Structures are given as structure tokens and as C-alpha cells.
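Paired with chain B in one complex and with chain C in the other, chain A is shared by the two complexes that follow.
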Partner chain A sequence: MKTFISAAMLTTTIMAFTSPVLADTIFLSTQLRPIEEATAVREQILQGLEGKVDYVVEEPPQFAVRMEAERQAGTHTISLVGALHGELSPLADKESLEPLDELATKLAGRIPQSLLDLGKLGKQTQQYIPWMQATYVMAAHKDALQYLPEGADINALTYDQLIAWGKTMAEKTGQPQIGFPAGPKGLMARYFEGYFYPSFTGGVVRTFKNPDAAAGWEKFKELWAVVSPNSTNYDFMQEPLAAGEVMVAWDHVARLKNAISAAPDNYVAFPAPAGPKGRGYMPVVAGLAIPKGAPDRAGAEQVIEHLSTQDTQLLTASLVGFFPTLDVTLPPDLDEGVALLAGAVNAIQTSKDAVISLLPIGLGDKGGEFNKVYMDAFQRIVLRGEPVADVLEAQGKVLGQLMADTTAPCWAPDAASEGACPVE
Partner chain B sequence: MSAASATPANFPSSRRWLVWSGIAALCAWVLVPIYLVALGALGGRQGVYQWPKTGLPTGISIEPFLLFLRSEGVTQSFLNSLGAAGITVVLSIALGAPAGYALARYSFVGKDSYRLLVLLTRAFPLAILALPLTVSFIRLGLYDTVYGVGLIHTVLALPFAALVTQGIFLGVPRELEEAAWIFGCSRVQAFFKVVVPLAMPGIVATAVFAFVISWNEVFAASVLTVRNRTLTAYLLTVLSESPMHFRFAGGLLLILPSVVFIFAVRRYLFAIWGISSK
Partner chain C sequence: MWPGIRSFRQRRYQMTSNRSWTPYLLILPSVAFLALLFVAPLVQTIWLALSENGAPSLANMRTMVNDLNFVPSLRNTFLLALAVVPVQVAIALAMGTLVAKIGAGRETILWIWTIPLGISDLAAGMVWLAILQNTGYLNSLLFGLGLIERQTAWLTYQTPVALFVGIAVAEIWRGTAIVMVIIVAGLNQVPREYREAAEIFGAGPWTRFWRITLPLIRPALQSALILRTVLAFEVFAVVYALGGRNFPVLVGEAYTWQNQNQNYGVAGAYAVLIMVISLAATVVYLKAIKVDPERLP
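== the complex of A and B ==
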């Protein structure tokens, strides 16, 4: 034991003298965290830069705490952050991001203007540069296609057809074969905000408790009867898909990529189903921003420029499954799995009934509470079987209060509002 | 019972059989999960999903391990983990054992409430304290250092250290200490020459606790550091969202040091179990 303690003390002392000198550009990211993706970023995507970049990953809660702590203390270690639109918006609210107008002007021809404008986060100056984009699609094992209802087009499914499909699969294979990522780290809340509500009600906040929504929840209960009950444990649908636990799944493209890329011949990817009001779909944008007081602003700008070149963006797409923000067409020799997913995204974008739903805007750090409103409604209505009208009434009050607190105006697909977005 | 009494000659052998099957069951309890984790770690991407499982190591691939060991920062974060755990062990013994001794030997006003208050440091979730803690760590210059992580882990381990060592010092007879005084030891000498050797196994067990608390703590270790991550913080940020075989590989890597550590101090652990069962 004594030897152990002295060994521990020795290690500690040695480490005190070998702490690395802070000279690299520190790039903190909430995206591309899984080890294979982070390794791809470190070893391939960030190659070719002059300075050394230290790519550090962090989960969103810690990210928010750290950025706020560095802002309050006024000492900065992070030079560049990569995060989702919704995670950068609270930082911009506190005026803690450097304006990036020069970079934005440089990239103006290459990144579509609508996407660049998202990076202003409602302000006069550019707050972040769009880095990668993604969305959510459905994927199915090819064995499941034989059970498709007659006359159904997989690229233009409706909820009724999906339910019929699920029923046939459950009858023929003996167990439910549709999966949703409703686990603790799954992205199920986005399904309700970007797919379910827009498809059934044509809105997200305004229509939260209207009769369309109530009818939608009844339909969703019907669907849930043919959904694998394990769904409440699934975080990343690529795993149950690859394991053969489910045949059909809805998830973020980056969370389906591993299964599909490993065996692209076995899968098809296709848009989420359409409801009475259209086919909901939610694009996701990750951006790059420089915190005010960044120790290495010049280095960070170089990294942004490097990540915005066409080559790097295509490399990113093939390695990690996020799509370019640049206006480029994906080359045909791209990773087959990514090509499949890109095909599904294209099918949504070109479908006539698409209803684009933006990520929540203006909620600041209340994004988590917003998600909770939808997940609570889901748990109470679907998992616990409480009456739809009561739950929507109660959750609608919570949502209304949340919107009033944040004074966030409506975003698409809700009609624009004066002041806080109302729950009607 | 009647069978046993009818054939007394067989009794010892069946008893031995029982003991050995008990030992086998206990070993299996510990080893089978570790074996399955190892199998998952070595089976490669598709191996994890194979069903039915063969239970035998087929298609061994050490590629996930290599990816770990090659990935930047694993060595550094392993050293950081050892460093933070070392600081935690040293500090929580250095501060916790005297506190435990005082609780065991002296009666003073507010002793009970002190005992309760000590536990309060564990009553606040770290997530709530994270922001003010990080801000003050930045101001104090402890942000992103192994010392900082060691200090916060010490705070987490101290209540256990104080309360566990109290129990241990209570187990050392006061008479022995008094005898030492009579034979000319000063209080400090008596403490180090008589009490400490007798309490050593317990103190080591406390050290194990402190080590494990520090080794397993994630939240503080990841919020308070950027580049000097501990191994658990480093692995868990990347592991929880990685494919299955990486999780198994990481799990195995995290199990091994604790197993080795506990193996190294097992003599003391058995001794403390001996004391507490008296």
C-alpha cells in the first residue's frame, strides 16, 4: 500500500511538470462525439491545417455549463465551438459569440443564402457559419418490403399505410418490427416537433392541443401498437436495425449510418410518412462559432475556412454521414450508405407535400423543457394511456407558459406571431 | 438430514462438494459477465449482434482496442485518472482519518450534527453546483488541471473517509493506546506506533473507496477539464454513443485497472472484513 501511495504521489508530481503548454487551437464540439467519428475528425477531416487543432468533444449539458462559466469568469480556453443551431442560440443571446461577417461574405457564393441567414440567429451580425446539415429519415431492411401494403409507394407513405405495414409485419414475423428512438438519449422529441405535429396539424406550438392534434395522437396510438415495445430503450436506431431487433426505424441520418453503411445492399432509406396536413420534415444545422475572448481567433477562422471547403465537406459527408452546407452535388462514388440516406433526403425535399419544420428558435436554454413537453405528452397519452384531451390541455398550459416566459415568436411551420407564440 | 446421519462417512465429501460448488458459483457470478464483456469487445462489429451466441471466442479482432489505444489522449487521460485518484486517496486519508479519529475518541458539542453535516456535501447534486464551481475554478486557476479534479473528488470522498475511519478507530481498543502512553509514548507517537498499524487494513479499505470514487466520477471531471480529461470522462463522453463493440472494449479497459488495484490490496481487504465480522 505504501508503495502504491508513493507511486500515486510520484505520478502526480510528474504530471505537474509535464502538463502540455496551451498553444493549440481548441475546437470544442457537441457534434461527432462517437469515437469513430471523433477519430475521423482528428485524423482525416482536420488534416492539412497549418496549426495544430485539439478536437475536444462534450455533451450538450456540460457544453452549456462550460461556455457560461468561461463567459462569467472571463478566461477563455476554447477558440472554436461546433454545435447545433439550438445550442448556439443561447450563447448568441448572451452576446458571447464573435460576429463572423467577414467569413460570411467570403462564403456567401458557396453556402446558400437561406442557410447563411440561419446563422445570424435573428441578429444583425453573423453568429455562426453553417458547418454540416442533416435530417431524419426512415430506414427499412429489404426483407420488410414484402409486407408493404399493396399499392404503397415507399417514398410517399402515409400514416395509414405505415400502420398497415406494421400490422402485417407483426402478424407475419410474430413481433412488432417498427422502432423509434424513444430511449433516454434518443431523439424522439424531434419526431414530435418536426414530423408528427407538422404532419397532423400543420403546426408545432399553435396547434399543440387543437382537434387535429387530438386526432393525430389517436392515430399515433394505433401506430404504437405495432411498434416494438423496446423502443423506449433505443437511443440509436442503427443498433437494433443491425441486430435484427426491428426491420423499420425512424432516426437521425447520422444515427442510422453505421447500420446502412455496413450493409448497404440490405437496406432502403425513405422519407417519414405523411399525415393529413403533409409530410413533416426537419432539417438540422450544425454551425461553427468563435466565442468572444477566444485565445486563438485567427487559428479558429482558419479551421472554419478549412471545414467549409468543398473537399472537406464531401469528406465529412462520406465519413460521418452529415451532409454539406455548401451548394454541391454529392459525387456518385460516395459511401454507398450515405448515398442511400442522401437519396431519402432528396425524396423528402422534392416531395410535393413536404412541410418544413425548423428547429425551435428563440427558446434560449429552455430547449430541453420544450422537448420535455412533447415527451411528457407522449408518455402520458401513449405509454400510460391517459385521456388525450386532458393531457393536451395540461401540457398545453405548460407549453404556453414556456413560450410566454421565453417570448419566442412562432417559427415555421407555425404562422408568424406578434410576440410570444401562442398555444391555441 | 436423515440421509446425512445414516451415511456419516459421506458427510465431509458432500460438504466439500457444497463448498466448492459455492465457490464456483461465486466465481462465475464475477467472471461470466467479464468474460461476456471481453467476448463482445473482441468479437468485432458484427460479433456483438450474432445470435445465438456461441460463447466461444470466434473471429477475434483487437481492432477496437487498437483504435482506443491509438486515439489521441488515452495515455494522457489514463495518467490524469491515476493522478486525480492519487490526490484523492492521499488527501482524503490525510484529512479524513484525523477527523475519524476525533469522532471516535473525543466527545464534543455538536458531534452528532457534525457527523450529519459531513454527509451534506453529498446531498447537493454536482450538476447544480457545476456552474459556480467551474467559475471559481477558472478564477483560482484550477480549471483544466489534474489538481482541480483531485480536489473535487476529495470533497466527494471525504465524508466516506471520515465516517468509515471513525468506525475503524472505534475498533482499536482504547486500552492499547493508554498502555502506550503509560510506557512513555506521546499522544502522537502512540497514534502512529499503536493505533495506525492496527487500523491499517481499514485505512486501506478507505483508500480503495476513495480511489474508486475518483476513478468512476464523470461529471465534475468532464466539466472542470478541457484537455486534461480523466480516463472515465474521456471514455464516457465518447463511449455512450459508440457502436456496441467499442462500448464493450471501453468497458473492459475501465474494469481492468480497478480489478488490478483491488487484487493488489486484497490482503488488507480480507483483514478489514475480518475485523468487521468480529
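== the complex of A and C ==
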């Protein structure tokens, strides 16, 4: 009798846990995690689909652990993943993503080819479909504009002008007013990889320790003198910006959006400054991929197609501030804050001196340590005041070893390489 | 020899032999539980730390030791433990002695004092962040009193002393309650007669405290010190909330290597290092604070 009862209980428990799982297409995402954004996805963006989609979010580190656990256990619950280019790269590296060439051919006319090719992650087959894109811009409170150096065009600033601007603001207001997201969860590493290095050296890996880089770091130290010392605590610049702790900030558009959308009349958005080699900028791409062994591949493909329609993409832009991957123009009645940010992105893309820096490709699960090379250099040179040449030499060795270990070839703006990208 | 005595002896022998393995049987479930959920992951972690690509290697240890945050995190963790633990024990002793003297309202006071125990580490960190950040309550208060003219930053890399003091105060606030609970339990076990006898012989309050109370609560003090010191070496959430990158500590580095750098081997190396330090501290306390075996529970 006892065994019967426990067996019955076990069966009902298993049924209770498995039946809804089988019915829904589970969509796991590292993007659009905050509750308002996730609700927008569940209640608006995913509407109009036939099957039921369960939208689940996970922080990037846990995402990696969960995907690895499912892969090792061979028990798959997730049919679709939405994650950044750099987060999908380790999965592709372990051959755990389904090739999506059919879908890619279907969408080829709508998504620009260069963007679609990013989704191959350096492989022969399509690993992910570009879902949303974003980039990093600067934002300033309008009160800061009065301190702009004479003759400076905010859409074409140089580093010297930014430093002069910062100095005037610090003098007039009594404290540094420029902020960077250099906190533990901030995206400062992307500033060095996509903005600082391309602007000062025209490269990222090859030029890591060359004389241009050394000169750039000296310039950056000058800039840092007028940067708020709280920057090493900032993760999302929209918070200090809205709180009035800083007047000028650099960050990811989605991490500036709340401050700007809340008071679009108070802010301006503009491109990051240009250095001697041009105006570096880094587009960010989030992609949709289907893990191997996905329980509902057909449902996942439907979701991808739904998310790639023009209407859904425009809706996504206005609700969450990520821009479409499709070749579309944003409608004029867009959320005012998003429109401001889109204006800044447009200003970068059309500026004559733009230097595009692609996301790292082929680093596998070493993306975190790649970021660490740049952040360690920053910490040692700027925060601890160690001699630039020594630090670049030491960190350059670490970077060289990392590139050799991963055999990742160079990506733009570095000149192409045969084999691992060298540190020159 | 009388047969009755013999059989009695035999019976007694059997009883004791039965009893000799009963305790082991009784602790078997917890041992199995520990082996499964503690020892197995421990062995895995040690292997993770001391291997690379499936072969034994010291590469992770080397990476850890050569990392630029290794020495600062080791120094910060030890400094924090050194600053926080003695203060916590002193405050807890004072609180315990005070509460022992109180009649009515004793429970209420104990309840209020143990509130920090019920708050999670990270929440405690956020509470103190709300006080100490630029737009926090401390700055509002100082500004209201006319002591500062504008927002002052306390938690930056440029103000290491203020940052350290802020973190230490937050840790003391958060962790003193657990020490106090153990010490109050120890104080309750000290028989009143000893103190009364000493009082009759003319011992003052200080003498009574040093000569009678303190020696008699040694076991409680030992447990409190071991627990608090081990927890001090594992400090993380409060530091993470207040100091972030500016104040590296050992557990924080393990977290960063695991989550941001995605290098589980080096994270494992940090975990092993923290465990070794904690074990060493426990041994030191067990040796330094000798407890009369008869007074052990």
C-alpha cells in the first residue's frame, strides 16, 4: 500500500512538473531582464504567436552555467536562447547550437548581410540570428552644455575638448561631472575595446602596447582627473545621471535610457569623442539561437520569425530601447528618449571619422579574461598610477598568451591575421 | 563463582558493546549527508583548483597569486577580520553583561539587538550604502548640520580610509548579534553562586568579570570567536555593496573569477585558499583558548 501511494505521488509530481514544460516553448534570455522589460516582452512583444512561449530570464554568468549543465546532463528544457554575441560565442565553441542556415536564407533580404554574418561566429554555419542591436553613446544634462569649450560641436567632440569641458565643469560646479560605468557590473571594458583603443591606436589587440597606446593612456589619465571618483562604483550610468551625481556620462544605450526617457527635455545624447585615429564605436548585437537537443525546435523557429518582423522590431525599439536589426527607419512617434539615443547612434554612423570596432570573435569562454586584460591595465595605470610602459608590457604578454591559447584571428579594426591575432 | 554474577557481567558486556556502535549509527545520516553535499563538492573544488585540462597543475594557483588583486584582497580580508572581530567580541560582551543585569524588558532588548541577524548580508550592505553614498543619509545629516558644503564621497578609491571604516562599521553592525547570542547563552550557564560568593569576599565588578565570568564563559567565547572569524574571512556581500571593485576581498575575487572572468579553476583556487585560512584560524583558536574538557557540553 505504502509503495503504491508513494509511486502515485511520484507520478503526479512528475506529471505536475513535466506537463507544462512540454506544452510551452521555453525562451531563455540574458537580455531584457528588468521586470518592466520582461513584462513588455511577455505581454506585448511575444503576442500574436500560436504556441505559448515561456519567457525566462537569467543573468549572464548563470546563463552560461545553466547551458553547460543542460549540455552535460543531456536533459534539455530550453528551446530558444536570446543572448549577446559574446555570450553565444562559448556555446558555439562547444558545438552546442543548431545551425540556422535555412532561417538565415529566409531573412537574408531583411537583415543586412554584414550583420547576419556576425551570427556565424567565425564558423561555416549560421549560429544565431541577429535579434536586436545597440551601441554605446554619451549623454549630458543640458545644464552641462554651457561649459562646452568654445567652438566645440557636441556631435564631433575630440578628447581634448572633452577634457577641457570636464575641467570647466569641475571648476564651476566644484566637483568632477563626467561619469564612466567602471563599477563591478559596469561595461567599462567595452569602452577600452570599442572606443578608447580604436580612437587612439586604430586597433584593439595588435596595437595594445604600441607608442600610440602609451600616448592614449597618458591622455586618458588627463581625462580621468576630471572624472567623478565614484565612477568605480557605477554600474548603470542612468542612475547617477538621474540623481544629479554627474552631468555627462558614457554608457550602453539601454543603460542610459531610463534617465533620458524620464526627462527627454533635460538631456542630449551624442557620440563618444574622437582620438588621433578617429572616432571608435562598437555596435552590440544580441542574437537568437536554438540549442542542440531543444525540445521544441519548430516553436523556437516560429518565435525567431515573429521577432524578426518589422512590426515586432519597431515595437521592441520603442518599448526597451534596443534598435532593430532589420533595415528599417524608426518611426517619428517613437519614445522621445529612444529617439534621442537613436539620433546619437545615427550621428556616429554618419560621422566621417568613425572607426567601427566589432565584438570579439573566436574567444570562446575567454571573453571575460579578455575584458580583464583591459580593466587590469586601467586599474594599474589610472587608479594605481603605475608606469604606462611597464603595465602595457606586462598586460600585453597576458593578452598575447590569451590570443595564442584561443587562436582567435584579428577582427576589425585590427588588420586581418593568419592564425592568432598578435600583440605587436 | 556464582553463575548469576557471571551472566550479569556478560549481559553488561553485551550492553556496552551494543552501545559502542549505537552512536555511530545515530550520526550516520548526518555523516552521509555531509559526505554527499560537502565532502564531494570539496574534493571537486580542490581538483578544479589544482588541475588544468584534466591533469594536475599549479597553473590556477600561479594565476591567482600573480593577479594584481591577489595581495590587496588578502591584505584587505585580514585587516578587516583584525579590525572587526575584536570589536564585535568586546561589544557583544558588554551587551551580554548589560542584558544580564536587566530584569523587565530583557526579551524586548535582546529581540531588538538581534534584528541585524535577520537581515541578509546584501540587504545589510544596501542599508549602509543608502547611508554612506553621495546622496545618502550621512551626507544629508552633515549638510544639515552645516559641516559640509556639498556632497562628499566616502566610498571611492580615493578615500581608502573612509571606505575601510565604512565597511568595518557595517560589518560590525551586521555581525555583532551572532556573537552576542552565543555569549548570552554562555553567561546564562554561569552559576549565580560564584558571583555572589565573590561579592561577599569583596571582589569589585571588574575583578568579578575578569576572574569569574570571563574564565567560565570560555567555551562560548571560543565558539563565538571561531564562528565570527571564519565568517570574517568569508566576508563578501557587504563589501560588494559598499566597495565594489575598490575594496577587493578574497571571496569577492573568487566571485569575480567565477562570474565575470568565467575561469572556474582560479575561482576554485581562491575557494581552497579561503578554506585553508579558515581551518588554520580554527586550529589557532582551539589551541589558544584552552577549554577545560569537563566544561565541554
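Definition applied: the second predicted complex is superposed on the first by the 402 of 424 C-alpha atoms of A that agree within 3 Å, B and C clash if a C-alpha of one lies under 4 Å from a C-alpha of the other, contacts with A are read in each partner's own complex, and residues count from 1 in each chain.
Everything that follows uses one rule, which is that a contact is a pair of C-beta atoms (placed from the backbone, for glycine too) under 8 Å apart; a residue touches a chain by one contact, two chains touch by 3 or more.
Just so it is clear, the structure is predicted and the values come from calculations on it, not from any experiment.
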Touched partner set for A:E369, first chain B, second chain C, both or neither: second
Contacts of A:R380 with chain B and chain C, given as first, second, both or neither: second
First, second, both or neither for A:N233, with chain B first and chain C second: second
First, second, both or neither for A:A182, with chain B first and chain C second: second
Chain A: partner with more touched residues, chain B or chain C: B
Which superposed partner A:V57 touches (first chain B, second chain C, both, neither): first
First (chain B), second (chain C), both or neither touched by A:I35: first
Which of chain B and chain C A:E70 touches, first, second, both or neither: first
Residues of chain A at both interfaces, chain B in one complex, chain C in the other: 61, 243
Chain C to chain A touching residues, read off their complex: 68, 134-135, 149-151, 153, 155-159, 240, 244-246, 256, 258-263
In the complex, chain A residues that touch chain C: 61, 64, 90, 174-175, 182-184, 228-230, 232-233, 243, 245, 365-369, 371-372, 376, 379-380, 383
Chain B - residues contacting chain A, complex: 45-46, 48-49, 51, 67-68, 71-72, 76, 79-80, 82-83, 85-87, 89-90, 127, 130-131, 134-135, 138-139, 143-147, 150, 200, 204, 207, 219, 222-223, 226-228, 237-244, 246, 264-265, 268
Complex interface listing, chain A residues touching chain B: 1, 4-5, 7-9, 11-12, 15-16, 19-20, 22, 26, 28, 33-36, 38-39, 42, 54, 56-59, 61-62, 65-66, 68-70, 72-73, 75, 77-78, 185, 235-236, 238-239, 242-244, 258, 262
